[in-house]
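When the chains are written out, they are named A, B and C in that same order, and each has its own residue count from 1.
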Amino acid sequence: MSERLELLRLVRSRRPLLALAALLLFLVLMLVGFWSYAQARSGGAATFEYTYENKSYFNGLTFALYAFFFGFVLLLPLFAALEGGAQLAGDTGSGTLTLLLVRPVSKTRLFFGKLAVAFGWTTLLTALFVAAALLLGLFAVGWGDLRLYPGVLQSAPRPQFLPRDVALQRFALAWLAASLALLAPLSLSFWIATFTRSAVNAVGAAVALYLVAHVISEVHFFEALRPWLFTWHATAWRALFREEIAWRELAHHAAALLGQSALFLALAFRRFRRREEP
Amino acid sequence: MNRSARLVELALWLIAALAFFGARALDPARRAVEGDAAKWWPAKRPERSLRVVTWNVGGSDGGQPHSLRADDLDAVARTLLVLDPDLVLLQEFLYPRDFDALRARFDVGAGWVRAAGDVAIVARRGQFVGGSSQGGLALAEWQFEGRSFAIAGLHASAWSARARRGEIGRAAESLLAITADFHLLGGDLNLDIDRRGDLLSNDPQRDAEIYNWLAERLVDAGAGSGPTAEPDRRLDYLFVSNALERLAARPWKGRRHGTMDHDPLVVDLRIR
Amino acid sequence: MSAAVEVAAVTKRFGTRAALDDVSLSIAPGELFGLVGRNGSGKSTLLKLLAGLLAPSEGRVRLLGHEPFRAREAVMRDARFAFAPPALFETLTARETVRHLARLGGRAVAPREVDEALAAVGLVERADDRVRTYSFGMRQRLALAIALVPRPRLLVLDEPTEGLDPQAVLALRALLLALCRDHGVTIVLASHLLGEVESLVDRLALLQEGRLLFCGAIDELRAGSERLRIVVAPRDGGAGAASAASAAAAALRAAGIAATLRGDTLELPAGSCTLEQARALLQAARLELLEFHVERPPLEALLDRRVAQAKAASHGAANGATR
């Protein structure tokens, strides 16, 4: 089965190690950032319980949520894009795609086998990242209830309070929602990868497009374009940390993400199944 | 090309199309604007209710307040005649020229209270029993249906979150210092609490802070009613005492005229 | 029996350039067929058309009864391809590579089959090493092992001996011959090393600048190209060797064969007569064929001649058209 082969190749490649190392480094940097902020605010007498704006609500869960949000916006899409480039363009460039195509396996199976492995890995990576952020938060800061105030995360316009256990359940939901959101940059990278034989070009182009879409969706001059950009819908999972979850709104964003992912995949698959391999 | 591959591709296109339609149907902004609003406007207001309209009637040129043209005033008057509000909070409304012109077109029964800048509080019914202005803030004491109301009309700074935080905070403190059965604070507050911050936002955290401070004292009667201003922002608010029951609140779309860039926000309240 | 490979009037264009131009050939089941041509002759394009990686611009390709670009999966159930240079999964071992690729068709593969294929190419000892540690020759052998599991009905090999040591080349030849003769596997061998092709194949096709210059048996290609050198002696043993040679030259010339005398040896021009014809003429002149040597020009020379002829013909045609 092509999935088993792709999985073995992924495990044997350096990509998982690289991704995990980068995400762990990112978490440590976040921790150092919060610590240094607390030091500056408290005149050098900070412990983690006294960090950030308000000692009453910062804890390991807040840290994990901040880390998850920034990791999701800045890092995880890059690793998703990397998979598209490595799985399709890399195989095309190195000639190993030909090795697969001269076996009795359909292009459909190959394409979706690669996609399944890439998506599975992205989902697992997201889970590992959230788990690592929570554990790091637990050991460095300690857990408590989750209190959120309007601010950087913009998850709610009004202060929110979630008991610890509820907050942990919301983290699990946020992991699933974020994984769905990462399907869009992954699908985009698959589409781009069908145009090039170079993994580096494919990853570079996918990352560049992601960044452009992200910037456009975060600048209100381009308000009319926002609904058409997956980056606008991608961070909607933040609403899961509200006391009352607006499910309909979340469903709207999920549908938009699914639609855009399916569009990219349809374009990618169309090109992949029809193209020649010179 | 085998057939199953074509079917798989077709399935992907179908999923994409269905998801897009689904997303459109589920879009909360679209529902707020096209759905409920279409159902009840311009319906008759509920009986024994208090109807308040807040409207920035000025143009979008971003300059100093300017006098409205005659046809702009005609349009404002036409809208107000249909809505038949008890109380109107106007911004970018230059006194006295605009007021005199409006009075010629619309029966301003109870009179008005004006502020130094471009803000006016106009009442069609009831009776003003006091009024003052502090800079760009208009404060009025109003009797209606035998109850006393303290009203603040405000046009907060569009350019600085720090400035509008101060303006809104001072307005609320002045308002709440007035003894009355009910308090109302409304106008163009120039902050959009529904909107996610973005790279060019002017300090969304400050806006959130003052909004939350205000929301702890008064109820945002227009919450969830959708955007009122270009480009797709909810900048116009009416905060009311908790004792006033919110019956309905919607911006009335399609009533702008000339260079206007705001819709009138219409709120129906029941006096408990 | 229908052909294992059928290429009918196939043209393949990339933009305006025709990489293959109106090529037709047919390969019977169980045949060992050579595909030769210089770099850029269109060999690789033809192999990719056979593998269904490219679609013909015109004409039709059929392998084992299917059109490969449209029904690649069906073709690959019984056909295997090994392209050059071999592209392999660097992080997998040889055993993993062979096993996983063999399973791709959904067929269970016994470990014995994998071991046999690795043994056949001499890779058993390094079978559990990562491919990235392999030399070029080992990669070639692994590519062949991949193509052997499960055993195909049609095997298409591109430059399979490149990078192999002489011992491995001999082993490969023996393996291919055994597959062809003992198991009836049709083998298409593409190479620019003509000696290698000559020693293995029954028929070959010559491609030059996208055109098929020749397709047929090697003997057919050789026809008229062999030079005969003979030493004769008088039947009655009377005259000396030198005078016998002179007499033979005279007899041959009388028959219109311009034999050249070099000491005791007579050289007959290529294509002037066969050994049997020469023997008969000498017998008539009461001379006996004492020693003979058939001088075969290398295949390269024959193919070069074909290419030159084709060029001259197209040049002539172009000149004719200009006039």
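Keep this in mind: contacts are C-beta pairs under 8 Å (C-beta built on N, C-alpha and C of every residue); 3 or more make two chains touch, one makes a residue touch a chain.
Model, not experiment: these values are computed from the prediction.
Among the remaining chains, those touching chain A and also chain B are C. With centres taken as mean CA coordinates, the chain nearest to the overall protein centre is A.
The greater number of contacting C-beta pairs, out of the two interfaces A-C and B-C, is seen for A-C. Centre-to-centre separation between chain A and chain B, using Cα means, comes to 38 Å. Centre-to-centre separation between chain A and chain C, using Cα means, comes to 54 Å. Centres computed as Cα averages put chain B at a distance of 86 Å from chain C.
Residue positions 1-2 of chain B each touch two or more of the other chains. In chain A, the positions touching at least two other chains are 106-107. Within chain C, the positions touching two or more other chains are listed as 73.
Residues 70-71, 73 of chain C touch chain B in their complex. Residue ranges of chain B in contact with chain C, taken from their complex: 1-2. Those residues of chain A whose C-beta lies close enough to touch chain C in the complex are 1-2, 4-5, 8-9, 12-13, 94-96, 98-107, 276-278. Remark: chain A residues 106-108, 112, 149-152, 154, 157-159, 215, 217-221, 223-224, 227, 246, 248-249, 251-253, 255-256, 258-260, 262-263, 265-266, 269-270, 273-274 touch chain B in the complex.
Of all the residues in chain C, the ones that touch chain A in their complex are 14, 48, 51-55, 72-74, 76-77, 79-81, 83, 85, 87-89, 91-92, 96, 100-101, 103-106, 146.
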